[in-house]
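Pasting a structure here, questions to come.
Labels run A, B, C, D and E following the written order; every chain starts at residue 1.
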Amino acid sequence: MSISSPKQPPTNPDSTGAEALDRNPVDAGIKRWRLRFPKALRSPLGFVGAAILLIWLLVALFAPLLAPFDPLAQNFGRLVAPDGQNILGTDTLGRDVFSRIVVAARTTLPAAVFVVLCSAVMGSVLGAIAGYFGRFVDEIIMRIADLVFAFPTIILAMVIAAALGPGLKNAIIAILLVSWPSYARVTRSLVMTARSSEYVIAGRLLGFSAGKSLLREIAPNVVSPIVVLATLDVGTAILTMAGLSFLSLGVVPPTPDWGAMISEGVSQFSAWWIAFFPGLCILTIVVAFNFIGDSLRDTLDPHTAQEVGETTK
Amino acid sequence: MSVISIRDLNLTVTTGSAEKHILRDVSFDLEAGKITGVAGASGSGKTQTGLAIMGLSPDRSTLSGSIDFAGTELVGLPSKKHNRLRGRQLAMVFQDPSSAFHPMLSIGDQITDHLRHHRKVSKKEALRQAIRILGQTKVPHPEEAVSKYPHQFSGGQLQRIAFASAIICEPKVLIADEPTTALDVTVQAGILRLLRELCDDLNLAVLLVTHDFGVLSSVADTIVVMESGLVVETGDREPLITAPQHEYTRSLIESLPGAEVSPR
Amino acid sequence: SGGDSEGGAAGDAIVAETAFNLKTIDPHRQFEFTGSTIDNAIYQTALEFEDGDLTKPTDGLCSYEMSDNDKKMTLTLKQKDAKFSNGDPVTVDDIVFSFKRLQGIEGNPSFFLDGVTVKKVDDETIELISKNPNPALPYILPNSSIGIVNSKVVKDNEGTTDENDGAEQFLNQNSQGSGPYKVETYDADSKVVLTANEHYNGAAPKFSKVVLRNVSAETQVTDIQSGQADVSFDLSSDQVETLDKNAVQISSLPSTRSIYIFNNTDEEIGGPTADPNFRKAVASALDYDKILDLAGENGQRMASPVPNEFNGAVPKDQAPDRDLDKTKKLLDKAGYDGEAVPFHYASDQAVNGMDIAQLAQTIQAQLKEAGIKLSLKPAPSATQLDGFRAAEQPMGIGTWGADYPDPSNYNVFVPGGSVAERVNWAEGDSTEIDELAAAATKAEGDDRSPAYAKLFQATTETGIWVPLVQPVSTVVVSNRIESYVSNADVTFDFAKAE
Amino acid sequence: MSVSATDQQKNLRPPKIHPLLRFILVRIGISILLIWGVTVVTFLMTNLVPTDPVAAILGDRAAADPEIVAQTRERLGLDQPLIVQYFTYLGNLLQGDLGVSNQTRVPVLESIGQVFPASIELGIGAILLSVIIGLLLGLLSALKQNTIVDHAIRTLSLIGISAPTFWIAAVGYFVFFFKLRVVGGAGRLDPWMTPPPRVTGLYTVDSLLAGQMATFTNALGHLILPSCVLALFTIGLLTRFSRSSVLDIIKLDYVTAARAKGLAPRTVVFKYIFRGALVPIITVVGLAFGSLLSGAVLTETVFAWNGLGQYAYRGATTLDLPVIMGVGLVIGIVYIIVNFVVDLIYGFVDPRVRVR
Amino acid sequence: MTTTKDDTRTPAQPLLELDNVACEYKLDGGGRFRAVSDVSLQLGRSEVLGLVGESGCGKSTLAKLICGLEKPAAGRITFDSHPVKPLGLGRRPNHLLGIQMVFQNPYASLNPRRRIRDQLTDALALDSDQTWTVDSLLEAVDLPLDAAQRFSHSFSGGQRQRIAIARALAAGPKVLVGDEPIASLDAFLQARIAKMMRDLAIESGASMIFISHDLSIVHEIADRVAVMEAGGVVEVGSTEQIWNDPQHPYTKKLLSAIPRVDGKGIIPG
């Protein structure tokens, strides 16, 4: 439902001078494309984000080695405050909070990345179809996207999860169903801009069919904004999954999960450590993805960046 | 007596870690009642020269040298003081008339807000003057025009309105940055005529930035040719065009179709 | 804390908090904790349990007499000064109408008077005739679902004694009882406010207003400590532990609810759970002390689904203990190959502060130690109940709250009973138990208790039901309330709080 | 590059209706279509839920009796084919009948009438906070681009959109209410307070209307924390968006032109830059309102805020289908209406649509 | 509407023929705008037709019609005795591949994500005669050979436009349509690129339609000139004829508005 007027990059009278290159935003973005990832990480935020993410990846990878205790074993006193043995305390069932937090990274991270990958693929394919073929195909796909947008994410996910039953798989399905439209919107708008751009028309004049030009000429130009959007969206997916778990509609116990740990913890205000640390974990990891995504977005040209920004929920 | 006298103007801009020298020792004068044209290929620093006079150089740039405006040194002038000159003494017209106006504000509002700000005149009085000025710049139906919005005008009309806005406070200096580049030839002629008239009638010192020697040949009194931030040649219109001294000027003019350059 | 001065603002209102499961306060339809808490304050009943002694029904509006064969009960109107909230006196007609309406509208509590014929004898006497001997009847009548309503007003507002009754909405908004309070505002989702019934024939309550708020347990913790609330119903033992004991009063009572594991007897559905050896292995694999720990200080072991305070309860020292060697032998006998058994429970439910989700995780961990693998299948209680009701769940956690304190209420666990059907346990599956059940039904007077105890012991021995714990019902009361009554009958008596 | 007005007119076949009217009509059309779509989705969604509504309606005891179950099924029309059920549902909807909650037997419309103002109060509180704070921060950040202020604001806004709402809500409740006592506790009022006489259903407004200052301060004290928590995400969102939107505008010629006119910097910022940036921002505010409604589910749960979110949560976990359908429909409609209004504002603000 | 018949027909069968062509745009606010109406034109072999007129008069629309990128509202376009069909979703039919276009904006007309070589190879595949190779193309447009390995962002506007020309030529077109291919270039580059286009087109045996609003450049390179005003062609004739003896008042106005680079200080018009 957003009104987006396809803006053409400004055309300025140009020279042969090489310094003029920086002045066209499209080019500036492209020039940086190949350097984008390393460059994005060179910005302070990007670096901090990458560092945090790296730490979390290592944690997830080596969780079994890092966790001092069995995350499922109810071996300790219940609700023990952080001390030398249980450095982050124990929960209501006497399980080590630190071990649970560490192991929970193993479910959260891959699940979030997986769900984002799926919805990015699903959304951008649909968006590309809508954007390229236009007319009623576009109408149908985008109206459905609008409909999904019109529903509050968490309520829709809640109903889906409640209907299918809690569980990681169902939470992923629920999030997938509600998160594809942002990709569809961005892709559609990018494809629509690209479709009427002169290089695509030039290709069509050289005898490319619509499908070939979509794949060969447009797709490469849409990938990077989608990557940026997806990076930012991993954070959102983690938050939504945590929200579902918080409402006991997500990961099935006893699998450790941050959202579920918070939900357990808020009923024990005095045992603040149960909820506080998992919240911090969610915060840091989402911040990491957002920092990286934001730095990546800065390397896009302004128009595309805005397109990405506008539709992010 | 020159209204503005630029001496050894240097401008450097820092982008990231790199420093870029945009203007190098630029010197020339603007005189009242005369149009000084600045020519040069794209990126040669024409626009930046104009902006330096207006005090609108890019952020994180350093300006050195001297711009003397009727006894006031503009280089290093505190921005508050510069702001008092802008619009009132120094006016500017931009290349693309359709983007130089805020699409959501009425024409009347946009050409009088600086008048009201500088002169503290009432809204009604300001509008009255606006209508007069629009008449002077030959905008059709000035009374209706003030309540219309930019998109309701053609490019040529908007450029006339931009001139009206520029002269409404009776400035001494007018900087016109490629005022006709975005316009059709037929419209261009009208705008050039308007520029000439305004310059003569109001005794304005005009700085006309353009890379079109046809335009300079029609209206400029003196011409300054720039190449990558350097002034390569300064001179009166006719000799400079017909018998350019500098190799760069010569190559520029010779590349134009229909140019009449005297052989060496 | 500044709670006291703030609390003072509450003045003559008493604020109670509970997580609502409120569907209605039409007494003849309500069947949940919140509804009955409210109806207890609004409606009087024909009989009562004095001072919460559930073993001895006493006179309420009426006095009663049972015939020798337990088939006829005679009620005599005793409190002739009782008045409804609009000033009408309570008559025998009102009582008869209320009984008949309960039976006729086919609501959830209709079963209370199944097979009972209500007959007005004269303006002071009513006869209740049962088809079969019905010794439980005196224990049933004190239930707030059998509250006495003003028949005239209810009839004027579409109230009938058959399923065409349309007075529910009316009764929600305009209570028609003779109890100490009446409804001021009713919002099933958030808040119910009661005000004193000035026509009440007992001592006028000290607090002329009762605010019952729908608040989750975690918020109740902060509210009771900060003086935002006077009474909290749902705190878990862990939460109670953290409270400042100088600022609050804690009353814990044995709960009338039982928490148990059910095992499906149908091999197609339950797999290993259909094997008695497996079920018994489960019973001996559990670490009951730890489970008891979750329930808090006054939680009790159970040797059958019947709460320990009830007639017919199996003494709790007969409850099984953990014996992993036994488990191992039994599992070998059952030929259990370590396959994961789906274990269903309601993820959003807490029973007397006992979180079912946590209980399930504990059970899973304990059974794992014994070599039994469970895969947890949590679901919102509505969905979970659907599956249980359809008898499709192999194993899981069930809870039962007493409708009335009589062992016959637990016949649902006996083959053919409504809960037994959910594990596909039908009459005839066990002749021994069928015989015991028949004997218990026949038993009279003092024989009933041992007869039922025998029945439930046999029932529990099959391992189809593994009773886990009888939790405690904890009511936390702020220090602003100087004296109060909280007992097994009324969890908290608003009218008696001072 | 513009065409002279006369040329345009010569070849123009004018539209039959005024473009603004047409714009509005098209928007209304799309909105109606979307609302219809929402009814289909809610209906289908709830029919996919594998639960038996009859059991939920009847309750545990009565559901055991197959005869009663069959009767109820017939009474509710659940024995009809799906399409017939849908049209019955649609017909009822058109008469303002959203059905009756399976759990509480209260008509859904009535309950929504109760909880909706609560959510709106929270939503308006949050959106006001986020718009004011978000826009100002965004503006500041853009004007001070690449300074320490800008970096700080950008970092903070990123953290703002990264924090799990329910966690912040719990931490905030613990710190600001439980420990510090600077805000009101759970719920919309202290429990013993009587809500003000209902006019709008917003306690803050109603108490002011009734002149009950004590109630007003109390309601405000309860409102402040949840709306701050809820606003946190949208503040981050709007800060970021208004920053980039302002940066886009700052580059434009008309801003340089305005500065070249010697206007006071304040005038340039608010009259030119901000106004230009506002149009895209309005759209995002519309979208942000949608995400507020989502965030409300979790926030309301923590703060015992008896609004749509909590109502929806209870509906979803008890699989109370009429409630889910009702809430879905209402929120969908609100979202569509908000965006419709946003589009209209867009149309009215932009003279290119308004004036021809 | 004044319309003029194209009476300067080339004797033989024309390569491209427009017959009373019109085009309409739907406007956002409803209503329609007729951007081109009743245009008849012919293009012979090895000829350069200049198309001039002020902004918005429909020049680009006409170019799009010729390439099949817009659907004509009326009239017929014939290329090499084949009707020009509007381009749908499928491939462009082979017999129409002989019409190629060079666009106005050099920044948008090359794919930023593909190497120059790939983009040229796509075009070379169309030319059965194998007249060109990537290297010879680059040489022809005065670019270093290593340009083939690079992406478009490393070229300036003028260089890109030359690549775009090379790509259009590579396809071996019979008609090359240039839609203001020089408008966004530096004034000092415009004439150079325009001449290069003409020379390359004629050398490779193609015809060219050269759209510009810069009459002095059209004068330099066109054999015939068509003048457009408000969607219609008002005058067609040989360049000399138009320049020396313009018939239509609009043409006169247009010509007189060109400023001369003579240093005389005369404002045209």
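A few comments on the model shown:
Operating definition for what follows: a contact is a pair of C-beta atoms (placed from the backbone, for glycine too) under 8 Å apart; a residue touches a chain by one contact, two chains touch by 3 or more.
This is a predicted model, so every value here is computed, not measured.
With contact taken as defined at the outset, chain C and chain E are each touched by A, D. Averaging the CA coordinates per chain and comparing them to the mean over all protein CA atoms picks out D as nearest. Of all chain pairs, the one linked by the largest number of contacting C-beta pairs is A-D. The centroid of the Cα atoms in chain A and the matching centroid in chain C are 47 Å apart.
Inter-chain spacing, taken between the CA centroids of chain D and chain E, is 52 Å.
Chain C and chain D have Cα centroids lying 41 Å from one another. In chain E, the residues that touch at least two other chains are 54-55, 186-187, 189. Residue numbers of chain C whose C-beta contacts span two or more other chains: 222, 348, 380, 383.
Contact of a single residue of chain B with at least two other chains is seen at positions 41-42, 155, 183, 211. Of all residues in chain A, those touching chain D in their complex are 1-3, 44-45, 143-144, 146-147, 149-156, 158-160, 162-163, 235, 239, 242-243, 246-247, 249, 259, 262-263, 265-266, 269, 272, 275-276, 278-279, 282-283, 286-287, 289-291, 294, 302, 305-306, 309-313.
If you check the complex, the residues on chain D that touch chain A are 30, 33-34, 37-38, 41, 45-46, 48-51, 151, 154-155, 158-159, 161-168, 170-171, 174, 178, 237, 240-241, 244-245, 247-248, 280, 283-284, 286-287, 290-291, 293-298, 301-302, 309, 312-313, 316-317, 319, 324, 327-328, 331-332, 335-336, 339, 343, 346. Chain D makes touch with chain B in their complex at residues 1-5, 145, 252-254, 256-265, 267, 271-272, 275-276, 279, 349-352, 355-356.
Those residues of chain B that touch chain D in the complex are listed here as 54, 56, 59, 83-88, 90-92, 94-96, 98-106, 113-114, 117-118, 148-149, 151-158, 162, 165, 182-183. Residues of chain E that touch chain D in their complex: 1, 24, 27-35, 37, 54-57, 229-231.
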